[in-house]
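In the two complexes below, chain A is the common chain; its partner is chain B in one and chain C in the other.
This part shows the complex of A and B:
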């Protein structure tokens, strides 16, 4: 285990073969910085933003970028830069709940299906197959739209659609662990099944779960933004990136930043989350497998 | 024996396909019950509701029947592509969908083509130049392409190429003739193709690197087999399974993505029809469009599974898992 990183090769994350394990590449570092910034905005956005997100200034509508308004103003004279900062909150909370919810459900069902097998596994995995076979975003759009769903109902629907991915991964990993000597030994010692699962198998699979949660976070950020771009979930006028993008679409000829800025915000945040997730996945799983 | 395994597999896939379609159709049918307000209210609007009128309409829409009978009746219609009448447009649902079909099909096909051609090319280049700056740059763009939502890239393209540079039209799908339509649909298709391209690149690159790393390739090289033959005959052929998987995912995501892209570029396709029907609670159209798209995706998934048999003889022998 002396610095031999033999993870799956995904190119730039592992910039040099001889690279020491500790130092992430510049891209990964940048991704971490972006994630940290977005989290900071999500927590303290209201204090950081130069203007209140909903403050209208009907004299200064649709201005281009200037010293007073870094990204200009929208059709109601609201400061775009401030709305981006404040919008980080709704961009992060939903995906956070979705990825954590999917993690909990997926872990429980995956462990159960992988360890117990039989009818339990069949039922769980058929449900997973069903969720995999249908176009997920389409289902989310239709269900949330027809129900007139709120933001949290959209979050709930996405939890149900995201959990199967976690379930599948956890099941596969559990099956791989089940036949290992330490599990056999525990079983011989008479340790009850649930205890083996939660105290012994689950901790070994933890790294996998964490990495997957980051990747889910990125996906659900984009899914939620897609829903709010279509006018589903988030209330009109809210400082939400997807919503701002939809409203900015009409204003793109006068102040393009009303649409381009939230677009870049979504893309950068999701990309950073993906990079962090990939990096964690390589780092955490390469050690535990050998 | 081998023939037997293949036919059992095909039969199982077919049964699964039918079960899935039935399940999805049932879910879609229940939408009508989940939706706030009744279809009668939607149909009558603000008109006066006499008890007789409501009773006749309930009968006409089979609302006086038990739930399961209603589903059976609806399914019977749906199999014949009869999803009822659109409340909003007052035409048969299938007619409303058919009139929007062309834009979505052209857009989807165009986007898929971009994804496959560009994705394969980039993936091959990155795999051959593994470890170089070209490779790392491609992979970096891939991460961004996979992460960025189609509507965001769409809007940025719209701003850059249609407004700043003025090379392409800003909105609409153009006249029905092919050249004008292609010109109008180029930007949307590129936007739609970007995430697919990224996925194809990622999978092609990874699969090809693995395939080219095999001992057999090393031997072939040392025996002087041409690099062209190594890449296309041995390398790519051995990477077909992951590439096919990616292509299947790209088709499905292109269809869903086209809902968002049509909305971004104000195109009159099935996507915008679906969204406006959702907003107006035009449930029959929502049901029809959703069932058609979902069935299409399910059929594509099944075809991809069957295609594995064609490209990889190893999958034919053993008992294939679903």
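This part shows the complex of A and C:
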């Protein structure tokens, strides 16, 4: 029968995959280290930083990197290195809330739309289409600009703008699962629909959710930074990477680190999050795929 | 010596072929020969290594798998060699799956002319290519010239297999290897393709290696048969001799587990367990753990040995047990009468009347069912027989509410179950306790990340009444030990998974189980176990079956009445033995005559 070749093939591939899984590549390891560092800084930044983030030293402004100031100081004499460390908190919390919020909303709506179909699906998906049709960052700028422009407003707007992407992905995946034999078997058995959705389909789609959440994290980190670069969402003077980037722009001739350091921090964190998300996705899917 | 006893010239001579994968040997020490113009069969169940053997001959082993030993083709040694290159002109292979072996972007004709060259070694073009394509397609029985211009997806399975064969023959091979070439086809198409292969083989005086799991196909086609088990050859014999009396307990078991199409037996003789991995049974008789004749000497290495003129067996005890092997008692193939259908009186459990189902996709209509009437009485086993496209699966899905009929009515007991979605929740839930379904592929119906116990418990908890069986009771019912509850589906063999699937459908104490091709993906020895299990459950629990299958021999063993479906219509129905013994409809006759005949009478 068909078994001979395929059975051996899959066994073989699995063992190979398992081998690869045991030793993540250097890039993945580096990404993990970076993410861990960012998380550490976000939690304990105030204790770790050599200087308080807001402490001005008008005598030592715009210094280059030195032993006392690893990345030099800005135009108000604030230590750039300390500000990067403390800035990790606002760089992390916002995107975390956005990606988790989008995950919850997107998963619920996507599962519902995909499994129920009909009018429920139509309403949800037309809303998604609408959100896709508008220029997202522009809407965010306008909304946050018109309101009083606080950080959490920006976060909330970005949650609403990110969720449609998750919804669309989850709906597609749910539709694909709905016609699979195991779901049909459960339906014939008489297992209620909500239980099938939450206890069977959702766990199967978990890897997808995880990957998408990490991806969203990276995207919203950049979006939030862009907003604060434009002066929205974060109060002036706060230790925030996007804000620092904007303020350091004019100082680039005297101490380039004031602009380069936050730029690198944003790019590295976003890239690391993507890599970690990809790796997790691969790991989770190879585990559940037979 | 050799010069004096010159054996018949051989086309292909394989000796000591060992195929090793990353987890140890897959095939160990296999010898066989193919003489010019001869058809040999390599027969084995899944896991026997037969496909790997074919791949080794063709030089297309998957990465990480290597072959050693000797493969001599017309005196030339082919191993070790560069993969794929050496064989292009003299051997060719027909693959199993006609649906994936053709390039979907190439027209049928191109597949045939792709490798054709003129005498100066140039690719054929234009009219020359076209003429050659048509000539070669005609050779495989395709006389409709428009077929050459069609894409694979526009062709039926049998047509694709013909195109595949024409493409394979384009290099004018002297040896054709057919790896399960007809397994994926309907029985009538299979008969046509086998006829075609036989005709081509005779016309071109080719040799052929037929690799199959189906003893019927092997007996009807081959001159000599090699039986492969767990990567080892355990018997070799001319096919008529093998059919008459196998000289190895495994072959005996294999022949006996194959359900006879011409009579119903009390219980199929089935071998316990399933095929072990080749690597686990290297130093002993590979069959020892399943063999009733096992003795201490079987634990030592065994080899294929001459036991009779022209016959080889790897059973070390063959001389002692021979008498018992030939004894018909082992066969247990006593003919029984089916339970008289007249005994089932009263109200029908399921009444399907004038049910039609039309699928519409992209503006095209397909009528899967056109006015089907089927009645099932309580405790009765009813067969639905048909080829692919007959609508038999759609019918089964309508009964359990996975599809909603376009018109007509399905009554289950007192309830109109035509549209499950429109039923009140309480009624729908009650119906689930009456009618259940078992699917073809038990693996894909079990959530891969859940243990067997969790999957069964999911089903058990739905039944609020105290009469609900426990997980361990369910496992016991289908003949599995209770500790299987802790296992994952991936740790089970195909037969065990099908048992679990049956156990799950039994969790709600149904009166009817719709069985959709539940044994068609299983090896014959395992199929026999499952069929016996179905009969036992029917006796013990009084559960009925709506048994959907393409296999007439199987339907004979487990059903009381049968409906023959074709293109969504019932063409014949009645008591199973009546329909199969004295078919009225032409289509039923054609189906029956397409079953490969075994030229023997076992008992």
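Observations
As a convention for this text, the second predicted complex is superposed on the first by the 266 of 290 C-alpha atoms of A that agree within 3 Å, B and C clash if a C-alpha of one lies under 4 Å from a C-alpha of the other, contacts with A are read in each partner's own complex, and residues count from 1 in each chain.
Please note the rule applied: contacts are C-beta pairs under 8 Å (C-beta built on N, C-alpha and C of every residue); 3 or more make two chains touch, one makes a residue touch a chain.
What you see is a predicted model; the values in this text were computed from it and never measured.
Of the two partner chains placed by superposition, A:58 touches none, neither chain B nor chain C. Of the two partner chains, neither chain B nor chain C is touched by A:119. Legend: residue contacts after superposition of the two complexes on their common chain; A:185 is shown touching chain C, with no touch to chain B. Contacts of A:200 after superposition on the shared chain: chain C is touched, whereas chain B is not.
One of chain B and chain C touches more residues of chain A, and that partner is B.
After overlaying the two complexes on the shared chain, residue contacts for A:249 are found with chain B alone; chain C is out of touch. When the two structures are aligned on the shared chain, A:222 is found in touch with chain B, with no touch to chain C. Residues 8-9, 11-12, 15 of chain A lie at the contact with chain B in one complex and at the contact with chain C in the other.
By the touch criterion given at the top, residues 1-5, 7-9, 11-12, 15-16, 180-182, 184-191, 200, 203-204, 288-290 of chain A touch chain C in their complex.
Within the complex, the chain A residues that touch chain B are 8-12, 15, 27, 129-130, 133-139, 141-143, 145-148, 218, 222, 225-226, 229-232, 245, 248-249, 252-253, 256, 259-260, 262-264, 266-267, 270-271, 273-275, 278.
Listing the residues of chain C that touch chain A in their complex gives 21-23, 26, 45-52, 55, 62, 64-65, 96, 180, 183, 213, 400-402, 428-429, 432-433, 436-437, 439, 441, 443-449, 458-459, 462, 490, 494, 501, 504-505, 507-508, 521, 523. Across the interface of their complex, chain A is touched by residues 20, 23-24, 27-28, 31, 34-36, 126, 130-131, 135-136, 138-140, 143-144, 146-149, 151-153, 155-156, 158-159, 163, 170, 205-206, 209, 252-253, 255-256, 259-260, 263-264, 274-275, 278-279, 281, 283, 286, 290, 293-294, 297-298, 301, 322 of chain B.
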